[in-house]
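To keep things simple, chains are lettered A, B and C as they appear, and every chain counts its residues starting from 1.
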Amino acid sequence: MSKPLALHDDRLFPAEPGTRAIARRLYQLVKDLPIISPHGHTDPSWFAGNANFGNPTELLLAPDHYVYRMLYSQGIAMGDVGVGDRSGPSKADPRAAWRIFASNFHLFRATPSWLWMNFVFTKVFDIDVALSADTADHYYDTIDAALKTDAFRPRALFERFNIELIATTEGPTDTLDHHHKVLESGWKGGRVISAYRPDAVIDPEHEQFPTAMRAFAEVTGEDVYSWKGYLNAHRKRRQDFMKVGTTSSDHGHITANTANLSPADAEKLFQKVLKGDVTAADAETFRGQMLTEMAGMSIEDGLVMQIHPGAFRNHNGQVFERFGRDKGADVPSRTDYIRALKPLLDRYGNDTRLSIILFTLDETTYARELAPLAGHYPTLKLGPAWWFHDSPEGMMRFREQVTETAGFYNTVGFNDDTRAFLSIPARHDVARRVDCAFLARMVAEHRMDEDDAAEVAVDLSYNLPKKAYKL
Amino acid sequence: MSKPLALHDDRLFPAEPGTRAIARRLYQLVKDLPIISPHGHTDPSWFAGNANFGNPTELLLAPDHYVYRMLYSQGIAMGDVGVGDRSGPSKADPRAAWRIFASNFHLFRATPSWLWMNFVFTKVFDIDVALSADTADHYYDTIDAALKTDAFRPRALFERFNIELIATTEGPTDTLDHHHKVLESGWKGGRVISAYRPDAVIDPEHEQFPTAMRAFAEVTGEDVYSWKGYLNAHRKRRQDFMKVGTTSSDHGHITANTANLSPADAEKLFQKVLKGDVTAADAETFRGQMLTEMAGMSIEDGLVMQIHPGAFRNHNGQVFERFGRDKGADVPSRTDYIRALKPLLDRYGNDTRLSIILFTLDETTYARELAPLAGHYPTLKLGPAWWFHDSPEGMMRFREQVTETAGFYNTVGFNDDTRAFLSIPARHDVARRVDCAFLARMVAEHRMDEDDAAEVAVDLSYNLPKKAYKL
Amino acid sequence: MSKPLALHDDRLFPAEPGTRAIARRLYQLVKDLPIISPHGHTDPSWFAGNANFGNPTELLLAPDHYVYRMLYSQGIAMGDVGVGDRSGPSKADPRAAWRIFASNFHLFRATPSWLWMNFVFTKVFDIDVALSADTADHYYDTIDAALKTDAFRPRALFERFNIELIATTEGPTDTLDHHHKVLESGWKGGRVISAYRPDAVIDPEHEQFPTAMRAFAEVTGEDVYSWKGYLNAHRKRRQDFMKVGTTSSDHGHITANTANLSPADAEKLFQKVLKGDVTAADAETFRGQMLTEMAGMSIEDGLVMQIHPGAFRNHNGQVFERFGRDKGADVPSRTDYIRALKPLLDRYGNDTRLSIILFTLDETTYARELAPLAGHYPTLKLGPAWWFHDSPEGMMRFREQVTETAGFYNTVGFNDDTRAFLSIPARHDVARRVDCAFLARMVAEHRMDEDDAAEVAVDLSYNLPKKAYKL
């Protein structure tokens, strides 16, 4: 009782035939452009070691928080679909886990996971029947067999996916061995760079802060317990990262707050932080001051700064206790930018050597805060619709709410932001289609000429990410 | 000078012909499904006594806050359209009141009241000319005559409307006599159940709190001035309500704040509340603690919990003073869920025996808070677009902003939430049409298959409310 | 390498042919209606003196903050495109400045400036090639030549633009000489009135407060340092303004906060304000109290009150220091209305002699706060989508989010709010087109009859602004 699965060529294009025809023409110009993936969370060891991936559950379910959070919301235990907990990996049989997923695939209707997954099934694994309880085993067997072949090793897929460059994200104490190994391997199929994400040594409330500081001292050889040594350690690590091609830093604080303390006050606060003698407000000020310090270093060394605020991590206390971080229990929170960024902007906001890319999980800020800021400050650009909003409706709202005040050229193209490597082409395809759909409407409503829209479509898909991330 | 009135069969469907054709096909599948009305405010005495309704003004204007708030906003006195005040019923002549309404019906263009009213006029009363000053008397006479007939008695309309079940809402001291009378009457035409709404004995700032507590003691025979007795009184009343078929409780606090106090602290706070010795913050904590207590009782007895936060009641001080509660002067207010619900969720959020349905008057929370929470916690589901947002645009925004993260299956179908009994079929019809319009776009943009959309359409209209409310 | 430029007759209409045909028909009814511009910032000396405008850069770039903020966001110095700073006018060659703008015109794709500018180029200056680096000089020469002719003097353009009435905005110490001169000139081509904007003597934190108070004393002859004299001075100035046709006051505070102090407390606070002995909270209370006082005076003298809250002025400290106010560095900020307006509404909210028009830079308040308030209080109406939201998408969101709760008749038509005189017809044209597009969808979806929509289209374009502003 299986039904056919096929991706329609016009998916995500507006239904109105005239507008759809424009969208199709625009999409033809961008569909084969190489993928630039300047921000994401794939594992660099894949590209360094180039080993085959594991079974379907291990590859496609267990690491995909979009998938298991939805299943969990309907009462399906995470362990049953392959998600490990603090005590170790899941003991679920991978095929049984896959069957549970297959039987519940209807839960994903009209979600981006539905689009991404079906793209992977058809385009990557060439499956032509829809996923359901009935086809679960057929899927499992087909995918499992493919994964054992050379054509499905990481580098082969990287090349097949037409990825020109991918950035992974590493912490401040990472040795970047995998990146060096890729570089030394002489592989010509694509570039794998990193992004410098120092949260663990910047956030006094991070559970790993003390440990991370010790490792930070070790890896840099600096006296990281003095303010000067601490800042120098950051400078050194940024240089280390730049040696593997890194062009950006990334900062994932709970708010977008920044601070602009005098050097003496900053040093004093740092000493309080080290003593663990800080209130929540002090910790917040310290994180904010470090954003400003990082902006200063960006002016020195040219790294683009990414600010990803607003994720309330580990909202579900019981899930955190049993399963740990990053288990689908993060949720957005209301985020202010107007007052939060002012201290940093007062200091560096007009310095054209600095480039800051802002993200949000709070869509109310698109038209009210982010577009007005990015449409004025030469230092600010807007990252694409992020995480919960990385979806057709979410991307469309982003363009609708941002473009009139910030234009297209204060945005930076698409970030897939994923650890789900196989979904990367699907995600970029969705973004390109939605942008073409938006542009097609502008053309159909005679708000842009089609030749201008064509130029913008290519810029959004390829040129802007390269320029914004200095690639 | 009257113009014809006719509801178009394609109303509320997208104009694009391909999409409209899909919407039509989907709507065919749901238009005749029985109405499940799991949350509302009709008067159970109607179904118990089955007496004829009064005149058109008394039935259609005086109780409809959507109607008289709009008229009032344009300077029309409430008393003139039949709204009574604290001194007694309105002294306006009902026909004169109706004429005022008719002359101002243009104010309702493009509002949901326009759709609901015109549905009632054509489908319930078979009127075929548009309402205006010229046709006011024709309307009044036609409706008035119909209301005197047996076919327009409450039970006859209930059956004609194809209502399978309706839930009313009663307070913690209600004797449920009307519900018992319906049950004992042997009427087979439909089910009339209640929902347990204990706000008056939970909110220390409710003007009726002291009186309600005395009545609560009386009706339960418990020592409601002891913490244990107070909780037991709730347990008893929940059982009483369940005897008339109740499957849910309902909570209308000003915020969604919850608390998770130790039993000793909760008891201490309760004693302060009883002494009237509470700050606004204490009162808020008490309301929040009671939500958590109610969640605990739901795990015991299986009642589904509805949380309806965010209504700023009686905003207009002068109107409240002269007219009292529920006079169109309630307005939404900004509502937080992420931090507000955490205490309750920390305690019970992963217990699959618990089911909480969340509503909001703050649409900014759809994509940012509610969908991410409901798309993770097994205990949480989302109620439909509510009150000011119970409208075609409002419902569409709900689906557009919620679906990609929460899917369809973490939502619960439609609530009409109305005291305007005659408008119930109109309201469900609008909801079904808007859902079909949304699904049709998904199909037209090749984001869902039509057979999947058909299944979802039926689920949203009928299966999900039955399941979510355990009916 | 120039390409043709032509405005399409169907611009801004929905692409779906049936809906577009309706929009076209509605637009035919409103396109030639006279322009009512009840709120804006044109310079009354233009109409008093009727001198020719300066060169293209001086007229079209240097005063247009929408233009130079976008250029600045991409690293182009404001001085280079003709914007003067505190040290004096820009020293840039106007033609060189124009070339920079022309070379960067692609930045404005899909922004309202793109629509407005291209309208001015084609309809006002009859240019038929698109603006680009290649056509920069052609543009400059064509516009420059036209501006030297009599047909392009302010009054000739005013008449050609079919403007029936324009309101400028003046401060509390303005002598209104230009307005008197226009009145005395016997010009019959149009009405030029003012709006009373007393912020500088109401906001204790305004940098010109002390100076403005001295001038206020002088111009009124009142003892403005006594509470009674201060209030009388306002009364006098309102009368002065009414002599040049003024029908409204305008208030641009950072929030919408109001206060309702006793006369004694208000007086005490005023004395603290005069001594400069105020906290930020006191200053906020004083501004809020003055909104309530102004509402009281409106009941006396009939001026309509406009409240424009939420602009965070001079966000960019360095730009403010070098360039001063109003240099594209203002940004929106989150704004509350529900609690903020309550004190004023408690006092005067039900007095039908009072009319308050509310604006916002925070779109989240449309459906949640503004529509519910305006749909109830007889004193409240909603101004159109403002500033950053004065754009096709912004206007559409306004109608989509406001109409279902407030209807059309609690809105007041369009305000262009501009100092860019030549863009006025373009701006009203965009507003009329977007309203027709919205109405056409309502008709196409059978939510309104076309004859009703036709009436509404004319009301929104012409009748409502005249009525709301008592013109």
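Quick notes on this one:
Just so we're on the same page, a residue touches a chain if its C-beta (ideal position, glycine included) is under 8 Å from a C-beta of that chain, and two chains touch if they have at least 3 such contacts.
Remember, predicted model here, so these are calculated numbers, not experimental data.
Common partners of chain A and chain C, by the touch rule above, are B. Here the C-alpha atoms of chain A line up with those of chain B after a rotation of 120°, rounded in steps of 5. With centres taken as mean Cα positions, chain C sits 40 Å from chain B. Among the residues of chain A, those touching two or more other chains are numbered 14, 16, 364. Looking at the complex, you find that chain B touches chain C at residues 3, 7-8, 10-17, 69-70, 72-75, 106-112, 114-115, 130, 312, 315-319, 328-329, 331-334, 361-364, 388-389, 391-394. Those residues of chain C that touch chain B in the complex are listed here as 14, 16, 18-19, 336, 338-339, 342, 345-346, 349-350, 352, 364, 367-369, 371-378, 380, 400-401, 403-410, 441-442, 444-449, 451-452, 455-456.
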